[in-house]
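Let me begin by handing over the structure; questions about it come next.
Going in written order, the chains are labelled A, B and C, and every chain counts its residues from 1.
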Amino acid sequence: MINSEENIIQKPKTPRSPQIKLHEQSLSRTMIFIVFGSLILITGYTLTHLDTAGVHVDEAFKGLAITLNQMFLQPNAGSDGVPLLLQALASTVMLSILTTIIGAVFGFLFAVLASKNLTNAYLGAGIRVAMAIVRAIPTIIWALIFSIVCGLGTTAAVLGLSFHSIAYLTKAYSESIEGIDKSTIESLKVTGAKFWVVVFQAIWPTIVASLVSWTFIRLEINFANAIAVGAAAGAGGIGYQLFVASGMSFDFHETGFIVYLVILVTFALEFIAVKIRQIYLNR
Amino acid sequence: MLEVKNLQKSYEKDRPALTDISFDIKPGTFVAIIGPSGAGKTTILRSLNQLIKDDDGQILLDGNDIRTANKTQLRKYRRQIGMVFQNYNLVERLTVIENVLHGRLGYKSTLAGVFGRYTQEEKEEAMSLLKKVGLEKFALKRCSELSGGQKQRVGIARSLIQHPKVILCDEPIASLDPASAQNVMELLKDLTEEYNLICIANLHQINMAKKYADQIIGIRKGRLVFDESADLLSEDILRTLYDQDITKELE
Amino acid sequence: MMQSPKKYLAHKGWHQTAVIALIGGIYVFGSWALNFNSVDGFIAVPKAFAWLGIYFRPTAHSMEYLPKIWQKLIQTVLLAISSTVVAAIVSIFVALLGSKVTGINSFVQTIVRGVASFFRNIPLVAWSMILLFSFKQSDFTGFLALLLMSIGYLIRAFMEIIEDEASETMLALKATGASYFQVIFQAVLPQILPSILSWILYMIENNVRDATLVGILTGTGIGFIFDIYYKSFRFDAAGMTVLAIIIVVIALETISNQIRRVIL
């Protein structure tokens, strides 16, 4: 067994000092404390004042269990049939890819113009503010707004999804660009290269891996948003089928089937993203 | 007294990382383990406090086998064995003194440890150890604000407050500039004598090993090829150890 | 892999052209398949903004909607916050169980990972609709939908934070003989707290936006009120709602950024 381990170091004989502090009051500690405290208080208040519309919560949970059981354990293609659902799924995937491409192209151009280390301060600040406003408006509202002008359909969905993508990718890309080492840019600038030459010869190769990562993250978001727009704006695709199955015909077996399809696609997208990122990182 | 007998370890089948390692170390000895990259130095060090579970052999600390200890006993052994890391492994967001006090956790009840309740004696000892490593002015600074050499000295203070019999250092100076490296090595050497410790350090700098260590252990491809007092380390041995001439290192 | 420089550059040029052609091809094919006309699309943008400028502009008359909008917006923010906080509390425990650093064993880790990504990938629309079916049109429905979605995201984020930031200190404290809970509370939690908070703030912002969608689908909060104005052609009021959303989201983002600057 273990013996007299306490006596290995002689305790130093220091005079009894007053209480030793372990840390000083720092702004960061106080801030964390305050933020967590307020969040908990707000949550407590909200949960105790939550309107449940007179629903018996325990019964509702029982109902939910039944629904989930139908969805996940007994999925089937329902009245729409597999071919129709697959077609709707394909069009939603296509929609998300298309809007990601638009978002990436415009996002990159705006990002270059908005990055602090590349352009003049006013243009940059202007773009950043505009993009912050565009980003603040949820995708679904963009889609609804455009559907008033262009009518309900693909164009409204494409524009609505693209707007948010552009704003999101502008921010993400320009953060990558701002992270570039100054010397990389300067070394080409001193050769007298033109602005866009510097962009495509120095900046692009340096950050291409991170651009690819962000673009695929956005693709996954766009897929989710495309479903949402299809459901809430009636813009078609698998989102609309999902909305009809779960909110109009209440066929939860079909809902489950659609959810499984969606999950399958997101897994596939994640897998492809990982593979392509590997290719770009290894080069 | 630390005795290691016939230690074996392989991470993958049929690819032994350690084969039949045996050595003894007396208290008050500063030991350097040297050998090429991938030789198994880290593996030896981490088996000594069972962060890595080895496959076979004996590790006797004052006659008690650490390898066969159960969970509670292992915690008691671990608190007698301090560890110093290449990357310091401090909680960067906490203050220097809080990090030093972490070395006392092994002695505390779970609840007192969870809430970070330390006694006045512990705090005083932490302060005096900080003085010893030359950091008493930094006690309330966040670790993220320290230099590498300072962080490493916090790590050493953290291991000392455990009242250890053994201190294990895995490449303690690999991330430090030459001056801080000298400083840390001298500190370790002095502490070994002062507290009659066993101090084992993995080193890549042979000149450092030769200068500070009392005993040198050479490892090559998981086998022990040298275990003598430091002044017996010769060019011949280094050549077999590293498969090439590195005479310059010895000067 | 020795190549002549000339060959390498030619290969690289060819590769770039191929990638651009592939993306362009996908774009053209996608437009065709979806029946999307790029030219019409681009023309629609200025038209839409001109239209917005005329009809969506809040007028003096739409001021009377403001109290109602404001009330719904506050309610939505409260829901976003409370669902995020509850999700964070659940997620931190699950993440501790499931991360490679602090996890129990590889079986539990695999289960946690699987469940988290399953939750994350179920569309918000599906959560909203099935919850609406059982819990009817109430705040609680919106709360649950946001909660379930957030849990999936936060578990993964927290696990990554733990694995990135706490593995080294975890090892050091283990080596001192500290027990599992001591290590968690003394090393892991203090180390990851700021990153955790940063993610919580991000999730709140995101949930305010998502709450709009949930609201449209389940008839709660700001989404519901926007939907009503929109469907009854009271566009000035709808514009007012959008303006209020913009202000609140940007305010939240600014506050979060300030907090992050102090704590990180």
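Descriptive notes on the structure:
Quick note on the criterion: contacts are C-beta pairs under 8 Å (C-beta built on N, C-alpha and C of every residue); 3 or more make two chains touch, one makes a residue touch a chain.
This structure is a prediction, so every number in the text was calculated from the model and none was measured.
A complete topology is adopted by the chain contact network, contact being made between every pair of chains.
More C-beta pairs in contact connect the chains of A-C than those of the other pair, out of A-C and B-C. A straight line joining the Cα centres of chain B and chain C is 45 Å long. Inter-chain centre distance (chain A to chain C, centres taken as mean C-alpha positions): 5 Å.
Shown for chain B are the residues in touch with two or more other chains, namely 76-77, 79, 94, 116. Residues of chain A in contact with two or more other chains: none. In chain C, the residues that reach two or more other chains under the touch definition are 193-194. Remark: chain C residues 168-169, 171-179, 181-187, 190-191, 193-194 touch chain B in the complex.
Contact residues of chain A toward chain B in the complex are 1-3, 5-6, 8-9, 11-12, 14, 17, 19-24, 26.
On the chain C side of its complex with chain A, the touching residues are 23, 26-27, 30-31, 33-37, 40-41, 44-45, 47-48, 51-52, 56, 78-79, 81-82, 85-86, 117-118, 121-126, 129-140, 143, 193-194, 197, 200, 209-210, 212-213, 216-217, 223, 226, 230, 235, 242, 245-246, 249-250, 253, 259, 262-263. For chain B in complex with chain A, the residues that touch the partner chain are 62, 64, 73, 76-77, 79-80, 94-95, 97-98, 101, 116, 118, 120-121, 123-128, 140, 142, 160, 163-165, 195-196.
Against chain C, in their complex, chain B makes its touches with residues 49, 51, 74-79, 81-83, 85, 87, 89-94, 102-103, 105-108, 110, 113-116, 155, 158-159, 162.
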